[in-house]
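Handing you a structure now.
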């Protein structure tokens, strides 16, 4: 067990190191920030001063060395555009992204599980086919286009909901959140739905498949033979069994939501870190791009590590249940 | 000995899904008739055929060349669907902000989107298959290293992998191809390895090994044909995925350059006119994208159903 | 045992499954009675329709199957045609069922307590505390040590035999008048089988419940049942007291079944095998379903054999029964 954890930790460290090298070297080969950062009317001395300030005159491996040493101290460089520490920029925008991702995750669970269970209970009914057709669409539709269509319909044509920004926020434990104000909630709604669509389809499929499998299990029939009401059979015996795999998968999917929020944030001008990275890519703001990628990669490595370890701890029991259930 | 060696692969040469079927034609015919059983899938296949035709022959069937400046006039910009140009042409789907006929732009966009998606799919499949086969066939350390890389890559969402690569590589057709291939290859590798492992344990591979056939011959003539069914399913799913991902990246402005106006770029161009109710510039390219992806996915769903031995009773 | 009150009377029961491939007549005209306190063995190969018969009685036939004909009289009331709620209030209350595989019948993610208490509360408006006491008592009754502790456990913490005891305890919770036991010992080790058999028989006697013991294993049922019904291809082909059926089987199929049980006498001999396989119930041809495998079949068997009562307490469906001697 300990050996396993140590090996996984080492592996994670290698992944992060490789990623950092790849990202840093790669990003520093692209474009020349000097051209765009410096006033075209600046004289040669001015240009050289800026290059020196930014450390762009050093050899690449030296720049990487500084980068690693600084990164370990939490310093990922200053943004060329904002002049602020890149890490700080990202952390400032993190709550907005997390709020969006959590809202999307909740929507996917709250809507997806009932819909999937319904579709699984009566797979041949018309509305079940409709739900499944919807989930195929949810998988197929590129989310940026759905986002545009949502803006067109709900913001432009109907005028019900705002199309951009976060709206009013209130601080909760020092973090600004939108969902507690009416205005903020109305701003959150469209992006959250947009971001959740793909996961919603996934949850529907998982819940349906789970229902189809569990409903034929002996313990469901036994529950009926005990004279339980259909409501209790479905809400307790069935739901509890399908929740476990669904929730496990969703835990893994949270990172995916954060990554895909890049698209949704760009469409809805949601001021999170996803929009920041796209803007920074356009503006060749290398430190911010590097910092974003490092943070997200780190987040993924940690999520995967934790899930792996938790799984390996649960494994004997999980296996036990699999063979018996 | 040599006679036997030639006879044995003979049954695998026809690329049949199952070597134990004696007849050459039956499996393929059954495959076709199974596929046509679903009306939705058949319709989807027909739709995809039309789309592929449009993409292939866009320059010849498009009403105008939207990127020939002589045929485009800014005077025609933002015209709603069905409008008539000053020279009498009808813009069936309207025009975009630069006065281009949207229908023609969509035809050309399909050509680019489908071309990039399919090409990346084919290259990724080639790479993934070889790597997956190698992992399954050689096993041991080769297998461990390859599959560890595959697992690690697949633990990141495709868009993040693409973001990293595009941040590193920059813009361009070759760059987006590399990104799309990188995103896909691991799925092929994993699929091919899994089915190759199953096949490898079967007797006919032992027989081939006993006949002292070369590695390459066993790999490509014996193992690979038998990995085809799952591979076909993954091809459809991944191609649809690649097309959607390319559109997304191009929409975000980090994919294809504006000289290669794929559907994603068309949609992005239309986005700015959305708020002034000029919906068609975004909507129609999106519909074209949607139809493409959905038709591929529906075909893939049906393929999965008929090729999945677990579902066959 | 004759002359007692009748707990259950099944009359001409037909349960058919309407599949795409055609109609599967899983149960096709089954009649039998179970007296109060009696244990009836329902014997047949897999696919003979014995389990479907059990589910038909408690109204749990899954689509595309349904009861198309016949009556199921329980305590004087016909259960066929009762609405869902009436049926629900009987299930687990007046009629309980025990399933084949104890590994599968208990919900893996719910505590034993939850699964027992809910069975009490489904039929009785009592406080949860009282339901819990009933559950604990039932566990004690089936011989589970420290029932208080075990209530808190999950199914995977029990062995197979223990789980079947729990299932039996659940079946007993509401003092049913009829228990349908569907091969409750098949999935268990032989040593545990004996314990469960003994336990079930004892509890039946104690509570006065009737029991239908469904099995494919004649040896098991011979040790527990008062009477035996032998099913073949959706019909009961022979019915009688356990002693009669075992000592003087009259139907060629029953004779075949008994001949294929190994015993001391058959040691060293080749075991008898019934030739052929169970027929598919899909679009079964008319006539005696056993004729393809029967050694004495002739043209008469192309016609459907009607049930006859050649001896007291005996029901037979055969054109050529062997009535005089033991085998």
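Here are a few things to note about the model shown:
Lettered A, B and C in written order, each chain numbered from 1.
By our rule, contacts are C-beta pairs under 8 Å (C-beta built on N, C-alpha and C of every residue); 3 or more make two chains touch, one makes a residue touch a chain.
Please read these numbers as outputs of a predicted model, since none were measured by experiment.
When chain pairs are compared by their number of contacting C-beta pairs, A-B comes first. In terms of the distance between Cα centroids, chain A is separated most widely from C. If each chain is reduced to the centroid of its CA atoms, chain B and chain C end up 56 Å from each other.
We define each chain's centre as the mean of its Cα atoms; on that basis chain A and chain C are separated by 54 Å.
Averaging Cα coordinates per chain places chain A and chain B 25 Å apart. The touching residues of chain C, when paired with chain A in their complex, are 58, 60, 84, 88-93, 96-97, 99-101, 103-110, 114-115, 118-119, 122-123, 155-156, 167, 170. The part of chain B that touches chain A in the complex is made up of residues 148, 152, 155-157, 159-160, 163-170, 240, 244, 247-248, 251-254, 264, 267, 271, 274-275, 277, 279, 282-283, 286, 289-290, 293-294, 297-298, 301. On the chain A side of its complex with chain B, the touching residues are 11, 15, 19, 22-23, 25-27, 29-31, 136-137, 139-145, 148-149, 151-152, 156-157, 163, 255-256, 259-260, 262-263, 266-267, 277-278, 281-282, 289, 293, 296-297, 300, 304.
Contact residues of chain A toward chain C in the complex are 217-219, 221-230, 232, 236-237, 240-241, 244, 317, 320-321, 324-325.
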